[in-house]
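Working notes, beginning with the structure itself.
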């Protein structure tokens, strides 16, 4: 058992190292200097307080979208619709943020809750269709992404604004901005959302692992029939799972809408935060703690990558490649485990 | 002596367990050789080694005296070894013919010649008396026919040595009779057979010799002619086993379960239970005898709330429970040992410990205000596992990793422990060894003696007759007769199950 | 606009929008029928589009009119090779197939853009100058009414896609290979006991999905975008995956689903030109294809049973 | 693993090197299109390069440089990074960067910023906008005069303020010279959906339009491919595409079945971001940075116009275009924007 624990920690670390090594080889082969490249990457991630702040800012929504994907996954559902749920959550949060002026202790929570509700609604539809009509959630969530994109674009232009592409900034009472963080990180956009993301991770862990509801959700995820036999309401749990997943995603949207941007604008394409959430969840082993680490890795790499072209002349796509390779290595943990066991045996 | 198969000193390990340790099995040509052992003794493992699914760590296999290295089923097939697996290896969405020819398809041009294949299947099935419908989808045919398909698969490939892993566990008495006939035909055709079964009666009836294994070790081989069931049982379990289920006469009291004019339809909206009326009293075990497919499953599902009732009423202690949610029904006092333990009984990917509270997790003391208390859950699981002799490395082992018998014991422990007023036991001993069967029967009787009502559904007439206080015979969704087990015979029951009574009345 | 005129616009649109999706979805059918989930179709299409365009640009001078054909062939081979990664991870290393597929998507996009920058020193390739031509199918296009709607001004690739769907149907349902492939996706253990090499069948399934998605990506890039950039393939792979499921893992079903997507797209475009529809907000037309899909699934397509073993790595003797 | 190391606050501030004081340095942040988008990002970068060359600057922190954005979230990071590298003037290219520039300008009060295609009202920000409606009006004139079917089309990317200017200017231009012509307007809902562009073009050409003006980025790729294919199918048919932002003549190249080359780009509405960027940089270098002002570049500044490749335009059309150009410049015609 102990060995297993230790392996579970070791494997992601090995995967990251292997990914980075492969990245270095690719740089070498294509004529870039890997040391300069990684220097630039590292500097862009943690090089100074500003970049640390930006990294935290970037990983905040990743935690939430990672949780959203993982929550559904753990209950037997594949939510590709996190992207759309983020978009509607973002819109809803900003809408509350600009529509009223309220005391901060009401306004901010209200905006976040409405964002969660919007995301939940976007998750409810595929959940309901799955439960009632047995429609495959993967297709419905893909379609819901496009619907979210076009509908919010329309609403921004026609409801939130008078034919304009960008909304007003949210009232300060609804903003997640933190002067404290801005000051210690040299004006990065790190905001209070990180606390919300951490709380969300705790909630997911607690809900899934410690509560009766989580027990039900997991049971339904593994075996519908046994759950039904045990008196659980299968349909209700399927819907609930999608709703909770969507709510996490909606809150991720609020992080962007109330923290990073403080406004919402017409989008010409997807944000990518939701799709990246799939990778974050999977690297994080679909567990809350793992997701915190993988979101940090992801956020850091994404922010750090921006520094690579200018400092080292390396195209920042390299980071995408490294991320992909890390995912591969994590996925192939069976293989790494096997090799490690081999080493262990021979060592004896 | 010339053996067709010799497995010498076989050892097979799984992580954390030695499934086979130094087992030797020698099969003569033309004999039916039984392999006997408790659940988890390592029988299936040994046969999977012979069939090339597993590689042994140690030992040697000889076929017709020649040493062979069977690294995959293809090689086994080529050597003339065919296997009918404990869990059927059939593709449900394929037709009977497609299942049989898979991997060895007759061709016309580049496509499969289904016509030719069906012809061949027909030929073999007629030759060995294995009636199947070559064009039917496997998911639509009876378990008995599925098994015949499995046998045909091996014969189609020209198997000379056939391994049957618990073939009778899933069959009705009629089907078992047919199977035994088939085995005899196969021997006549010059095949050799290895038969795994827990049913000593069957061994005595058809087998020539029997090899016994216990906890992964070979105990020895005996001639059936020189032994008796008692000896076999004690060899297998390592102690004396009693067969007659001792029980006092029942002292039934009030009606616990009352079913009136019940109609239940299956998924295709065909009524499977037809105006069924039945009652079960506290302090008695009512056995339902019937051929598979006569509405037993639908009846159970209706009582437990897993299937909607079309009309009629079901009452528990005079409280109507018709079409209530499964949870409500469970809480009202119904326990259910389901027929299909993998589908309904367990969440295979949960630890066995958590499976022990599958219906009670939301109640005190297992949880409080919606938060689980893992300590009490696992304490409970530990005590149940001990009490019901569930063999598992730990309470946190996934249910998937347990052998079928131990999975079943876990379910029974869970259900009995809830002490329900009505316990429904659907084929509770299917696939279990005699030791386990004895244990389970005594548990059911204990429930009865504690004043609970027990409804037992089984295709095993022995079990029904031994355990029940009253036997209700079901035929085409109706209870056609209720008989006293002490006054009836297998013959009489068999006739009732075949619908004789109804036909007589119809005349 | 008359209904006939509308059809003359909708159907050809549906055909060319659907073609890349059909190719890719057919690939998806192979992979998923063998039991391997393929979320990586998007990435495989990207590789196909990238190689298709680069090859076309590189060899246009030599190959002339045959260029697009060879480019598609090259894309097919490249994407098949790329899908090997997915096969190795998810079959040999028993990786979670969804995870591996997601990695394929990341890697394909990252690698192809990295190479574009490396080769062209800018964010997208040049525009190709040789592509497929619109054509009228001889004889068929002369049939009154129908000829104009279905057989005029289409691309040969659209017709090939449809023919290919029929061929794939034949292969999967009529040949020994298809029988084995399906058995491996439904019950690998059963297939194994019948002497079928589960691993090999699954490798073939995944490689075919790569090859077909490569064709799909190349066809999209060659006919529609004519260059390659980060935006060339943006979601088509996911739509193809949706088509696989929508079509219930059946080649003709997948083709039908892809055509349905095309039709819905055509409908949403034609909607903008119909007078009384002009006044409704354009958002309704933009979301029309997606809403129609959901409605279709809910209303009359309903539940689909995936291959039983889909998504589970095969381990000998696992209970 | 990524924990640790959060006590290096002091170390961070020395990151930015002091640029040589006499050097005037300038940089830009692209939007998600990237610096080589064959469109306004690229054009802006060309402007910076030209400026650099003229002033003997080198690419890099001590001269001129750019930062690419991968997503909306990167704008602020990139702007901030450049500001911290002490560039004297930093451009945000594209209206998408408007909020980001606004925010960073607030924080970095000592740095000069410029936003292209949008307006930021801050004393240290100059706003560059273009009179795309004027250029669109001119190509509208071309279309109105050239169309044989009296039916032309407009394909927009995502509906918004900016693209609306293109649409309105174009429609007005067509109407001005050809009141009988109708303009079919459609939005694809995306700037990267070539398949939609192609489908819309197919529907427009199919219902009789012979000229399509697109303002749709990558979606426009589909418009070109459809036009080329239709031309190949029927070489006698006259159909055209009008390009946008830069001279899209090259995009219109095609080959007939017999290998004969042709071109279907009638003209392009050219928006010289490079001219504006170079112009503003010179002003700033000379110490005349127009902070807080909105500078509108139009025909007059030679930053808006129709493309130089005019092989498909008749003399009459060219003359008309000249005429309208003058009318616009001298205020006789006021092109609407909404």
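Going in written order, the chains are labelled A, B, C and D, and every chain counts its residues from 1.
We adopt the following convention: a residue touches a chain if its C-beta (ideal position, glycine included) is under 8 Å from a C-beta of that chain, and two chains touch if they have at least 3 such contacts.
Composition by chain, UniProt nomenclature: A, C = ABC transporter permease; B = ABC transporter ATP-binding protein.
Since the structure is predicted, the reported quantities are computational estimates derived from the model, not experimental observations.
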{"item": "Other chains in touch with both chain A (ABC transporter permease) and chain B", "value": "C"}
{"item": "Comparison of B-C and C-D (more C-beta pairs in contact)", "value": "C-D"}
{"item": "Whole-Å separation of chain centres (CA-atom averages), chain B against chain D", "value": "74"}
{"item": "Whole-Å gap separating chain A (ABC transporter permease) and chain D, where each centre is the average of the chain's CA atoms", "value": "33"}
{"item": "Distance between chain centroids, defined by C-alpha means - chain B, chain C (ABC transporter permease) (Å)", "value": "45"}
{"item": "Shared-contact residues (touching 2 or more other chains) in chain D", "value": "159, 189, 191-192"}
{"item": "Residues within chain B bordering two or more other chains", "value": "none"}
{"item": "Sequence positions of chain A (ABC transporter permease) contacting 2 or more other chains", "value": "150, 153, 269"}
{"item": "Contacting chain pairs - touch in the sense defined above", "value": "A-B, A-C, A-D, B-C, C-D"}
{"item": "Contact footprint of chain C (ABC transporter permease) on chain A (ABC transporter permease) as seen in their complex", "value": "26, 30, 78, 80, 125, 129, 133-136, 138-140, 142-144, 146-147, 150-151, 153-154, 158, 269-270, 278-279, 282, 315, 317-321, 323-325, 327-328, 330-335"}
{"item": "Chain A (ABC transporter permease) - residues contacting chain D, complex", "value": "13, 16, 43, 45-52, 54, 57-58, 150, 153, 157, 163-166, 169, 184, 186-189, 256, 260-263, 265-269, 271-272, 293, 296-297, 300, 302-303, 305-307, 309-310, 316"}
{"item": "Chain A (ABC transporter permease) - residues contacting chain B, complex", "value": "210-215, 218-219, 222-223, 225-233"}
{"item": "Chain B to chain C (ABC transporter permease) touching residues, read off their complex", "value": "48, 51, 53-54, 72-74, 77, 83, 85, 89-94, 98-99, 101-105, 107, 110-112, 153, 400-401"}
{"item": "Chain C (ABC transporter permease) - residues contacting chain A (ABC transporter permease), complex", "value": "85, 89-90, 92-96, 98-100, 102-107, 109-111, 113-114, 117-118, 231, 234-235, 238-239, 241-242, 245-246, 281-283, 286-287, 289-291, 293-294, 297-298, 301-304"}
